[in-house]
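Here come two complexes built around subunit A, the first alongside subunit B, the second alongside subunit C.
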Partner chain A sequence: MTTRAGAERMHDAAAPTPAAQEAIWLYAITHSRDQAGLAGLPGVGGGQIRTLQSGPLTAVVESLDPGKFSAEGLQGRLSDPAELGVIARCHHDVVVAVAAEGPTLPFRLATVYVTDDRVHSLLSLRKDEFCHKLDWLAGRTECGIKAWADPDFLFTERGTTEPAARGPGGRPAGGEPPGPAEQSGSAYLFRRRAELAARVERQRLAARCGQEIHTALERLAAAAHLHPTQDPRSDGEEGLMVLNAAYLVESALLSEFADAAQAVGAEAGALKVDVTGPWPAYSFADGPDA
Partner chain B sequence: MSAFAGVEVAARTPRTHVALVDLLDRVLAGGVVIAGDVTLSIAEVELVRISLRALVVSIRADMAAGGHAIDEELM
Partner chain C sequence: MTREWALAPASRERLPTHPEPSSLVDILERVLDKGIVVAGDIRVDLLDIELLTIRLRLLIASVDRAKEMGIDWWEHDPTLSSGARDLAAENRQLRERIGALEASRTAGPGSRAKRAEPAAKPPTRPRKPSQ
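What follows is the complex of A and B.
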């Protein structure tokens, strides 16, 4: 990555300064020149989506109004949650349309060049790398898997901690209720220690549940990528999210993969497994050598 | 803010019904990265890449605090 960035910079230094400032939004790279599916799609700037060819590669781009899309203007739009949502969906809709025509490498949101020439340079400079990645993605698709678990359930069903940590308030299972003499410092410390041990155990079991699902699904996929788990408030789900991952799977085996995810989730004691996608291969743009 | 480039947000009904939170996981952290996380002025450098990870964190914090603006976008 460092080497590549370095080469890019050297190239930048040698390139002539563009005469007029434009802003070219990059959506994706693909092989297919026929992009009829893009007709009528609203771009992020309300402009026309078009393609740039270079050898075997096609870049899907949009010219933005440089007046409306200065660096500061763009930053401002992206900083507004509502506008970010609209931009992300516009970007996604275009990438989905491109991916319907063949293997597609999406660009990260807000990748902007200043001229078409710069895009052409990028395509020719990194042709081999992009072709290699597109070949790898052919016939495959990204499947999202999210899993939630109830740590209390896992603790009850699968906990391995000694009974002292299990009873309500840390009371040893089957033991005598604490007498007045035990409502003292040592009893309190004992209870607190048991509560802490139980909390750690719940976290460990939740993490293990997610790991079990991931390990099983990773074996069925060409590649896997772990996303950070999402804030529980952001999707209104019950339980604790224990897995937020993407898997690159053969498109023809997508439904089998989804079934496997449900089965593996149930086996691991998950509360719920959500399957999303098929997605364009956003999570696998680093290619097979990542 | 309801307008973007002269188009009402409401007029742009999502054609793909994906949860925004899942989409942001992908478009902000995935995809081909051209030159790393550099925030630069267009006038000086030809390439602009804006890192947005911190922004997502702030959006999620807003939502946790009871923000309603994008709640319906989420499902």
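What follows is the complex of A and C.
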């Protein structure tokens, strides 16, 4: 954790080290100068949300108390789960308000500069890149798709017929307590091997279910991004999450995309498909060339 | 999957639905991991925060349930646990099992009589690996 000023690779020539440090929190970049929707929104530091213009670009920022938001202070706040939650929601709410006005590039959480001039120089040095990305995002929105499956159901309905993945008598292996006749060492090892094979098979089927949904939806989207799957219990859902992805879709076709996701999920044997968003294009801030 | 899906504008008028409040997990995975990355002047190690707050906290909460379902892929994820630990556990369980078998064998013919009687389970029977 370091405080760096002036040594920045991207624009060190443009900005000398500022004498008195401020802390400027960056929310997003957009074209629109009209950000009336930001009025009254609480910022991460409780300050006024404001805009900085540079040519065709507008940066949405907030000045923070440099005492509370020094590098150490910020790291400490973000390491506290409760404060992190509040800051993340504040940041997100502002980005959502900006995205309501037009294509928007959100900044990653905790992007902080020390003066307005540093933000201006960022906008002017990377103007072409940011404009290119904003053009690509115009008229599009990020749609989140999560899908859950029941591996036992997939195993029963769509599983392999390989004997190794089935227990004695052809029933799916695993879970059943051994009968007295199965307590010999070789029976135990056989059962363990069958259990492991069944477990691998469940994983394979769950992964395939998610892959099928993703493959179909990817074709309907301008771009797609896979997030790591979340904990099965983090939102009280049944089953195992097999897909957690974001798709960049035409805003006008968002509800059709959501319908398609449900249909594709049902066909792939998913237990449930959850559609979230529309999101600001967080997952596509790397642009079309990513 | 053989079917091709296509999007066409729906004939029915549908307002953009008011999205439900986004879950904090969904927000965190976006604001911490996505978005434009520029090297700001004040550096915060988000990776540490992300690892701590998202991956581990949620995974730890989920281990029991996922294991019930026979899913333990994270045990093979080198960033989350060591595969060697998995093998060691398996090894230990097998040793315990062999020990139990040898103990019942040296106990003589009585052990055979026990096997005919399902109610009398050997007390040294190893715990199931999922517990």
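Operating definition for what follows: the second predicted complex is superposed on the first by the 259 of 290 C-alpha atoms of A that agree within 3 Å, B and C clash if a C-alpha of one lies under 4 Å from a C-alpha of the other, contacts with A are read in each partner's own complex, and residues count from 1 in each chain.
Heads up, the rule we're going with is that a contact is a pair of C-beta atoms (placed from the backbone, for glycine too) under 8 Å apart; a residue touches a chain by one contact, two chains touch by 3 or more.
Owing to the predicted nature of the structure, the values given are computational and were not obtained by experimental measurement.
Chemist: Subunit B versus subunit C on the shared subunit A, clash or fit?
Modeler: Pair status: clash.
Chemist: State whether A:Q53 touches subunit B only (first), subunit C only (second), both chains, or neither.
Modeler: neither
Chemist: After lining up the shared chain so the two structures overlap, which partner does A:S124 touch, if you call subunit B first and subunit C second: first, second, both or neither?
Modeler: In the superposition, A:S124 touches no partner, neither subunit B nor subunit C.
Chemist: Which touches a greater number of subunit A residues, subunit B or subunit C?
Modeler: Partner with more touched residues of subunit A: C.
Chemist: Have a look at where A:P106 lands relative to subunit B and subunit C in the superposition and call it first, second, both or neither.
Modeler: It touches subunit B and subunit C both.
Chemist: Looking at A:E83 after the superposition, I want to know if it touches subunit B, subunit C, both of them or none. Which is it: first, second, both, neither?
Modeler: first
Chemist: Quick one: classify A:K68 as touching subunit B (first), subunit C (second), both or neither.
Modeler: After superposing on A, A:K68 lies in contact with subunit B but is clear of subunit C.
Chemist: Please work out whether A:H227 is in contact with subunit B alone, subunit C alone, both, or neither, and reply first, second, both or neither.
Modeler: In the superposition, A:H227 contacts both subunit B and subunit C.
Chemist: So, A:P42: does it touch subunit B (first), subunit C (second), both, or neither?
Modeler: Touch status of A:P42: first partner only.
Chemist: Could you look at A:V114 and tell me whether it touches subunit B, subunit C, both or neither (first, second, both, neither)?
Modeler: both
Chemist: Just to be sure I read the superposition right, which of the two partners does A:T156 touch: subunit B = first, subunit C = second, or both, or neither?
Modeler: The answer is neither, since A:T156 touches no partner chain.
Chemist: Once the complexes are superposed, what residues of subunit A are shared between the subunit B interface and the subunit C interface?
Modeler: Residues common to the subunit A contacts of subunit C and of subunit B are 1, 5, 8-9, 23, 26, 29, 70-71, 74-75, 78-79, 81, 84-85, 88-89, 91-92, 105-114, 118, 122, 144, 225, 227-228, 230-231, 233-235, 244, 246, 276, 279, 282-283, 285, listed in rising order.
Chemist: Where on subunit A does subunit C make contact in their complex?
Modeler: 1-5, 8-10, 23, 26, 29, 69-71, 74-75, 78-79, 81, 84-85, 88-89, 91-92, 105-114, 118, 122, 126, 144, 151-152, 174, 179-180, 183, 185, 188, 195, 198-199, 202-203, 206, 212, 215-217, 219-220, 225, 227-228, 230-235, 240, 244, 246, 249-257, 259-260, 263-264, 267-268, 276-279, 282-283, 285
Chemist: Which residues of subunit C touch subunit A in the complex?
Modeler: So the residues of subunit C in touch with subunit A come to 1, 3-10, 14, 16-17, 19-20, 22-46, 48-49, 52-53, 55, 57-59, 61-62, 65-66, 69-73, 97-98, 101, 115-116, 118.
Chemist: Under the definition above, what is the set of subunit B residues touching subunit A in their complex?
Modeler: 1-2, 4-7, 9, 12, 14-16, 18-36, 39-43, 45-50, 52, 55, 59-60, 62-64, 67, 69-70, 73-75
Chemist: Mind pulling up the subunit A residues that touch subunit B in the complex?
Modeler: Its residues touching subunit B are 1, 5, 8-9, 12, 15, 18, 21, 23, 26, 29, 42, 45-46, 65-66, 68, 70-71, 74-75, 77-93, 96, 105-115, 118, 122, 144, 146, 225, 227-228, 230-231, 233-236, 244, 246, 276, 279, 282-285.
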